[in-house]
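In this document, chain identifiers A, B, C and D correspond to the written order of the chains, with residue numbering beginning at 1 in each.
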Amino acid sequence: MNGKILSMQQAVARYVGDGDSVAIEGFTAFICFAAAHEIIRQRRRDLTLIRMTPDLVYDQMVAAGVAERLIFSYLGNPGVGSLHCIRRAVEDEIPHPLALEEYSHFGMVGRYTAGASRLPFFPLQSYAGTDLPAVNEKIRFVASPYSGEEIAVVPPLHPDVAFIHAQRADTAGNTHLWGLLGMQKEVSFASRHVVVVVEEIVDEEVIRRDPNRTLIPGLIVDAVVHEPYGAHPSYVQGYYDRDNRFYLDWDPISRDREATEAWLEEWVYSVADRAGYLTQLGDERLAGLAPGRMVADGVNYGRYD
Amino acid sequence: MNGKILSMQQAVARYVGDGDSVAIEGFTAFICFAAAHEIIRQRRRDLTLIRMTPDLVYDQMVAAGVAERLIFSYLGNPGVGSLHCIRRAVEDEIPHPLALEEYSHFGMVGRYTAGASRLPFFPLQSYAGTDLPAVNEKIRFVASPYSGEEIAVVPPLHPDVAFIHAQRADTAGNTHLWGLLGMQKEVSFASRHVVVVVEEIVDEEVIRRDPNRTLIPGLIVDAVVHEPYGAHPSYVQGYYDRDNRFYLDWDPISRDREATEAWLEEWVYSVADRAGYLTQLGDERLAGLAPGRMVADGVNYGRYD
Amino acid sequence: MDYSASELMIVNAARALQGNRVVFVGVGLPNIACNLARRTHSPEMELVYESGVFGARPARLPLSIGDPTLVSGATAVGNMLDLFTLYLQGGLVDVALLGGAQIDRYGNLNTTVIGDYEQPKVRLPGSGGACEIAINAGKIFIIMRLRRRAFVEALDFRTSPGHLDGGDARQQIGYPGAGPERVITDRALFNFDNTEREMTLVELAPEETVESIQADVGWALRVHPNVRTMRGPSQDELSMIREELDPQGLYR
Amino acid sequence: MDYSASELMIVNAARALQGNRVVFVGVGLPNIACNLARRTHSPEMELVYESGVFGARPARLPLSIGDPTLVSGATAVGNMLDLFTLYLQGGLVDVALLGGAQIDRYGNLNTTVIGDYEQPKVRLPGSGGACEIAINAGKIFIIMRLRRRAFVEALDFRTSPGHLDGGDARQQIGYPGAGPERVITDRALFNFDNTEREMTLVELAPEETVESIQADVGWALRVHPNVRTMRGPSQDELSMIREELDPQGLYR
């Protein structure tokens, strides 16, 4: 067991400082609420929060007052409605103002990719003829040296730290992820520090028997946190389903500032860690999220010696 | 069984015409010699051959006189030495002149990616300070609108047809490939027509039980050819090893024009198809290439209904 | 036969999808419409989701565009870079369904803010993938409820381009896609089949008139010489929606 | 002790790799040198191959940079776009080993042609990944046999940049990597530890002299004030090469 295995409390204490830029990614899946709640508990401030879809995870963090800036592409409670806490911050400066830096999904995809690839810019067919470049000076245009046609570009993005949830990793941080890959690989390569949070820690041989499934190499991983159900109420493919009841419940809670603070008190501040959160949630609630089995057929890589 | 299942003879007759640009890709692995030999047998002419590493497969095609142009990044018999037939064409115009369009590996990676992505150019950190841009006017430079720094760019590449060898596909052309992914995905998306050549045709459900393993969707596949050992003497991960003896044997053969033509007569022109080639090669030779087993652990995607 | 405004939109959207192979799907009404189309006239239809899924075979109504039921049993699932570069920008999407908080006569859409950008009255979700979808997809079908606050003379913010200022503006700017072809609402259907590429009223729901629609549209509405009546849902379509696609009636 | 010129190069290259975590490996001598380093002083060393393999654990001597033994048991295998963008251009490669048909005093390399490009006397393989490796890798070790035809005053073609025209030319042009740090040959070792970044003779094989080396170098050679003697292979190193890494003696 090497030194990369940390508790979430240790990982946040070590890799998240006031004023840092933090990316808790995962497109509608693998959203590491466990990391978000620990950051709230440790009362970080003035963070720049980076996510394509801020989702409930950043709605909660903004309500808790940890953020001063948001870099994103879609502000919504997927399938339900608005993110009321973020709207309160933007529309009414509650609990305090929140600066927005806004892209389209493809723009965020491009910023992560340019960051991961050490490119000065990423070209994409978007933005021309819209009002987005007028409100974000980082969106610019370059002329092709072949056709002369103009194409939009976005600059690299380098979060100070990324929290990436996945199914399994070995103790060195070599990580297998299956299902929606989102931009987990690119944001990891783009970030200065990477914390991988997994449902299971597995033997190195499990990873090496399927190297094409390795999305993130331990080489770029600073810490590995073993946190089962760490993505609840979002989901982990093959491990648990999205807890949609919570996504629906959050709508009325988040519309009301006091109800939101009461929720944060009950589910974040007054629990010590993820284990405490899960105990409070109850086994029955978790059992109801278990999917059936659909197992991929094994493939033979062959032994060549 | 839908209309995409063709014999190699049918696929070449339908998708390769004189003067076309053809990409038989696969970086040192999955090299579809079966397609190359059928193109030679059907005596196509004036082809533009596209491959990062022309390898023996294009050395044989150039010797057979099918090519007038080569787009590539590394001309060598990997681990052995030179490609003597291609050198004869370039140095001595035998059997006739061969025009070269030359990049680095990253440049070819970029051309395929730009083609697959419908981008006007692909930026890469390369070429500055070298003699390559002077001999290839397609390599150009663009200034970053952020830092002003210049970065090299290459234009999109769109082969008329790509032949992609893989382990398995369903009858719609949805293809699983594991091992060295090379640029098989990008060249497929970049090409006007795609012929997938596989060791095994499998049920659609085998593909759908592991969608992350699908490198090429049937959507972009025109034909599926079932051709076991179609990549010999190169290899297919988990199915057979590279036949290194042939790579070594080719060196003296290819140094001599008559020996090369005798080889083409014996192994290409005088065999009807891949089955004939394999019969001539013998089961013992093939049995000697069988790897041991190293099977990936199954993963559960879960059933969500 | 009794049906809701949503059901009328869903069946009309599903019918409009006929003949399209690859459809870029949003969640909600568009998702039900696409799945209805697959189960009726277009079994070969391939569903693409911006979450990175191609050829989804959802075993249940997806709760979001990232629902795990979209992954299990799909043809291919890659990262979002592949989805946006190879599939969308690569030109493989035949049609995409979009909606918005505001639309103008040329089918330009606003999903960003109501009011001033810096001091918004209402902060909307923003683009998501809509901006590049509107530019790169082969064509666009717009699905939204027809309300006065939505059909406006001038957008507060242009998030996703339709026909810009009309005419051949899209070709001038060099967009790969053809832009909005239809607007499907709960009260009327529109197309853009004219050289100005201006939204034109072509069908009315039974209880609507040209006047009742004009009353809720913020500009002088262009009307087709012979306006037809929207065809309502068939019994088969209704039972498929109510029994299979949206049993809980989330989108009733 | 009796050993070959290749073995002398291999052990000196392996020793030079000490302290480097991520090594970009070519096939042949460099591959044997890297595997020797892993099995001796650097068990933590990660091997990267341009074929898309990271953290290879080859069970046999790879026959090419795409040998299947590099895939089975590797840490991660991705496509070549990932390898070149995320790993190489991304700045994760500490050191890469390169060779060439011609080298000049500043460590610039030619692997493209001998003679004129259009009418070449000898058509060489070309760049492969060498051009971008020379630009992006943290630093470069050059491994090649010292011969008069190879160590030339002026290259016929500059395929991979070393220190260009010397001095701070690399920084001026904006390369991310530091460029050539050592040249390891069968007869002498060189470094570039001077402000002109010019190849400097620092070690000689036992039977060589400054004069015998100068005789096969096409320019007035810069010589370190106190030239040392190259350390030959140890018995352990030799037996590991001969018994485990290259039992058939392919690179003897």
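Keep this in mind: contacts are C-beta pairs under 8 Å (C-beta built on N, C-alpha and C of every residue); 3 or more make two chains touch, one makes a residue touch a chain.
None of the values given here were measured: they were computed from a predicted structure.
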{"item": "Of B-D and B-C, pair with higher C-beta contact tally", "value": "B-D"}
{"item": "Centroid spacing, where centroids are CA-atom means, of subunit C and subunit D in whole angstrom", "value": "57"}
{"item": "Distance from the mean Cα position of subunit C to that of subunit B, given in whole angstrom", "value": "40"}
{"item": "Inter-centroid spacing, subunit B versus subunit A (mean Cα positions, whole Å)", "value": "38"}
{"item": "Distance from the mean Cα position of subunit D to that of subunit B, given in whole angstrom", "value": "28"}
{"item": "Where subunit A touches two or more other chains, by residue", "value": "113, 118-119, 125, 149, 179, 181, 185-186, 209, 212, 237, 241, 291, 294, 301-305"}
{"item": "Set of subunit C residues in contact with two or more other chains", "value": "53, 67-68, 71-73, 77-78, 89, 176"}
{"item": "Interchain contacts (touch definition) - all pairs", "value": "A-B, A-C, A-D, B-C, B-D"}
{"item": "Contacting residues of subunit D [partner subunit A, same complex]", "value": "21-22, 46, 53-55, 57, 59-60, 67-69, 71-78, 82, 85-86, 89-92, 176"}
{"item": "Subunit A-touching residues of subunit B, taken from the complex the two chains share", "value": "118-121, 123, 125, 140-142, 144-147, 149, 151, 153, 155, 167, 176, 178-179, 181, 206, 209-210, 212-213, 237-239, 241, 291-305"}
{"item": "Complex interface listing, subunit B residues touching subunit D", "value": "27-29, 52-53, 72-76, 78-79, 82, 86-87, 90-91, 102-106, 109, 113, 124-132, 135, 149-150, 179-186, 235, 237, 241-242, 244, 247, 291, 294"}
{"item": "Subunit A residues touching subunit D - in the complex, by the definition given at the top", "value": "113, 116-119, 174, 185-186, 189, 207-209, 211-212, 214, 217-220, 301-305"}
{"item": "Residues of subunit C that touch subunit A when the two form their complex", "value": "27-28, 50-53, 63-68, 71-73, 77-81, 84, 88-89, 112, 117, 120-132, 135-136, 157-161, 164, 169, 173-176"}
